[in-house]
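So, here come the structures, one by one.
Two complexes come next, and they have one chain in common, subunit A, joined by subunit B in the first and subunit C in the second.
== the complex of A and B ==
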């Protein structure tokens, strides 16, 4: 418990740094959010700066931003004139989160069994085939895989919609694209760690006592062999959530990733900082969660920390 | 399998079904008609919106005094049932028809007066504030030179009469009153909800549709308004506008039946598309051009600029680079404005003439010509064009032009500061009149951005503002454009085209030079 509190307390200054650094970065980036192809009159420019508080000095702006932040208010989007950053994040984050969670489940449900199977039938054609496929899964960039999936499932077979976000059928292709590298990674990770456990003495002992291979695998080996997979879950979840940017764009999924790109391109100061903060918070919490899970699964880790 | 493992599997299945459940909420049935928007709109506030696509949505939601016929682009009565124009062309008296807001309250002349004040008031953040500088004292009020709004030329003697006084006779003023920035907005709604007034749960509109759903970067749902005065329009009960970024994804959506209309397609497949029957390609009032910085060498010399203009083979560019049916430009103002034929200034591919001009300017075969940077913003299309142009210039004139790629926001800022030598630009006309193009290049004009200044040009443009005879007015414009093209502060490359892909059973979409249509006019055969 004390550990949890300590970790949470440490994360606060980290987030503050994220806020300050991204604030300075976007403000010092060349180009202004208010330039336009058509000339903007001085009157409009002055009114715009005033409306967004950009007519004040930079330290003053930062102070105001941090004061708003302490109240949980992330400011108004400079680009989307009718929206606050809170509203944008509140609608976009759940979309990314749902897609990410689904992709993670897919990755786990496919990746771990493949890993177990490969370890179980080590050096068989099945093992080689699945490891080869997973190598491709890791190396293939998302946009290539997405195009191939669209070509096959939408144009060739006509089973799934190519673009959009109108219902359950629409998330299958994005989720597959998003989870592919993680399926591959999880499969290899599970296989490697199971093989390592299987070569240990207690397994040999169990085997000598006549334990069946299946029972050996599930009852004895998987318990320890799954540990690296659990610690991988933290970075994987964060990676899936933050890595959905390309997938969101190709499949037109209205998630946070697309807002993150836009905010940078459009110099939407407050939205950019807001997104950076959300992603920062996500990374921190997922890593914390993974540590807690690992501790729950392996008492030695918890013990180390207590000591 | 042991009990523990069974639990593990069950837990995963449970989680999975939870996730799947999240997705299985029933989506609303598809709309009668759907279109893809290739970018999310910045705002749906008529006063603040500046994009062509946004304007289409605003025309579905609001209606101004007049509206343009999508076939002829001529102004037609809308909220104004009729009007009188004084003999000197300075006073317009509009008579409003009985019309209602979507909350049931009547649309009054006072609503227009209020909305126009919102555009002109000192706190206004509208980029199109100058659309009301046609009003008497409109510009003075905006610039704080006068402080009493009653002195501005818009008055509402009663609920159904709006009297507008102009600064100068403006032959296209009835087109301006159809412009989206001048559409009325509901005061109570704006004052109650602040920046959230355009959210679907708050928005009060007076057009053929109301907005019932809007999720950023996903979808806008429009539904037929129950209070709209014209019972013959719109034809569709529901319209979905899907935001799909990236032309490839947009095309995928159209091609797989997810949308009835897209307004652009990827260049890569353009040659294929041009063979299809569901395309609607029409010249439009937009020009792709390069600007020169005329204050600095080497482009302070008009001969050099003119030589550049004559050394570029525009036909080759539209045929082999853009490929989407674009038209090689021989003028800045695109053809198609009624009553106006663009200046013939010999702008074509004349490498011999170009070389002679370069020699005259002291750069025979490009000798001694400094290295020049051609600035463009990140895009595959702009990159290919810039590369093609610099290769042509290298080949024909022996000059070294290096394409330099910057982000859009950076390009805009450098354009504004005129911090470039040679820079990509584009312009879409705001209304169907040469003035929307030529007005740009008056001395110190906000959109000039070339440092080019020519007294003769300025006086020709001034003449067009005071001349009431339409023929001589157009003649002055033509003289001005000829002067502009001879002096060449700009290098026009091609005219944009509207590139619609539309399902064959959709009607009501007419090719015109503005890519202009009303959602309310569309129907399915």
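== the complex of A and C ==
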């Protein structure tokens, strides 16, 4: 419990750092959100700057931003003129979240069984094949896999749409791209951790008592063998979050990633900071959640940290 | 002091590691591939005109032609030879990967050495800083940094090196913590060796193995991040030929009417093979230097 409180307490300053750092980054960068608009008169520019509060001094702006932030208000988008950052994030985040969650489920449902099977049939052709394929899966960059999938399934076979987001059929390729490396990681991790557990003495004891291999694997080994997999969920969700930027760009999925990239390129100050903040908050919560899960599954961890 | 005889040579950890690595066919094959690739990348300008085309020579009538004997990997949207472009792209991608890794080694090893050797409150503080930096969503800040400011190689190295040294610092610190308690370090201290002598003459050589392992595993991470940033269009001047850029151009060029698959498949294959072999080699080296971990 004390550990949890300590973790939560450190998250807030970290998020504040992210907010201040990205705020300064955005404001010290050359160019302004209004440079792209042609033939803009000086009066209009001044009026626009005043409207967004950009005419004040930098410390004033930062103070104002942080005050709004404490109320949960992220400011107005400079590029999409009539929308607030909160509104944009509220429409984009669920799209990314659905995609990411689906990818994570796919990774868990395919990766863990492959790992169990490989451990169960250690050194069989199945084990060697799945470990070799998973090594490729880990090394294959997301945007390469995505373009290969588009080439094959959309252009060559014509089975699935290449870009857009208008129904379940549009989610398959992006989710597959996102989950592929994590299927590979989870398979390898599950296998390695099961094999380590299987070499321990209590397993030998159970075996000596005549427990069948399948029962040994599922009843005795899996409970302990799954612990590293649970700890891996934090980094995995974080990786899926990062990967979603590329995937959303390639497949033109209207999620948070695409908004983040565009906002940075368009100098859409408040949207860029807002997206960076949401990403930061998500990353921190994922790691926290994974730690909590690990502690719940393994009392030794909770005990270690309390001490 | 006599010259090392055969038995002491056999016992050197480097010799032992090499003997174990030789038995690992995947790692050895990877090493071979990487050496070949590096040689080809280094010699690319010399080979130009002798079987390798000029990577920038446009030939519009031959644009988007499929692989053939004249253009082994086909040509791109401007009729440029893809094989030559991949070969010259290797120069950029490998160069960035190796140089940025050197940056992470320099920062990470120095940080880890100081933190581990000093110990106590300083060590505690330095490791808490690393913990906090680990939780920062760096890649998003890097994207902000590179999309907002005028991009240069220096900025790219800062961006790429900024996160990767953390792991190196942790690993080195952990190793130093256990090494500094050994008798031979106490012996050096008793004989009057000063701190810098202990650090650089006695600790560093024993850390080289682990540094080599983690450096090998850092190179693919950096190459991948460079390609990732190039794919997002966040390139710096001089990075135009990198593999990430080639794939990015390939994605722009493909469409359902004219499936120019070679523009994706070949650069993607080289990028993936390089990452794969670096990972194999890194894993092999880790097993070779620390046989206890072998599963």
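Criterion: the second predicted complex is superposed on the first by the 299 of 307 C-alpha atoms of A that agree within 3 Å, B and C clash if a C-alpha of one lies under 4 Å from a C-alpha of the other, contacts with A are read in each partner's own complex, and residues count from 1 in each chain.
Here is the rule we go by: contacts are C-beta pairs under 8 Å (C-beta built on N, C-alpha and C of every residue); 3 or more make two chains touch, one makes a residue touch a chain.
As the structure is a computational prediction, the values presented were derived from the model and not from experiment.
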Based on the superposed arrangement, let me know which partner A:122 touches: subunit B (first), subunit C (second), both, or neither? neither
Which holds for A:207: it touches subunit B only (first), subunit C only (second), both, or neither? neither
Of the two partner chains, subunit B (first) and subunit C (second), which one does A:155 touch, if any: first, second, both, or neither? both
For A:267, select first, second, both or neither according to whether it touches subunit B, subunit C, the two together, or no partner. both
Tell me the contact category for A:196 with respect to subunit B and subunit C: first, second, both or neither. second
Quick one: classify A:83 as touching subunit B (first), subunit C (second), both or neither. first
Touched partner set for A:249, first subunit B, second subunit C, both or neither: both
For A:105, is the partner it touches subunit B (first), subunit C (second), both, or none of the two (neither)? first
Identify the overlap between the subunit B-contacting and the subunit C-contacting residues of subunit A. 30-31, 150, 154-155, 158, 162, 249-250, 265, 267
Applying the document's contact rule, which stretches of subunit B touch subunit A when the two form their complex? 1-2, 5, 12, 15-16, 19-20, 22-24, 26-27, 30, 40, 42-45, 48, 50, 122-127, 129-130, 142-144, 195-199, 215-219, 242-246, 248-250, 252-253, 255-256, 258, 407-410, 412-413, 415-416, 425-427, 445-447, 449
Given the complex with subunit A, which residues does subunit C contribute to the contact? 132, 135-137, 139-141, 143-145, 147-150, 220, 224, 227-228, 231-232, 247-248, 250-251, 254-256, 259, 261, 264-265, 268, 271-272, 275-276, 279-280, 295
Touching residues (chain side subunit A, partner subunit B) in the complex: 30-33, 35-41, 43-44, 47-48, 50-51, 76, 79-84, 88, 91-92, 98, 101-102, 105, 108-109, 150, 154-155, 158, 161-168, 171, 214-215, 218-219, 222, 249-252, 254, 258-259, 265-267
Please name which positions on subunit A make contact with subunit C in the complex. 10-11, 14, 17-18, 21-22, 25-26, 29-31, 135-136, 138-144, 147-148, 150-151, 154-156, 158, 162, 192, 195-196, 242, 245-246, 249-250, 260-261, 264-265, 267, 272, 275-276, 279-280, 283-284, 287
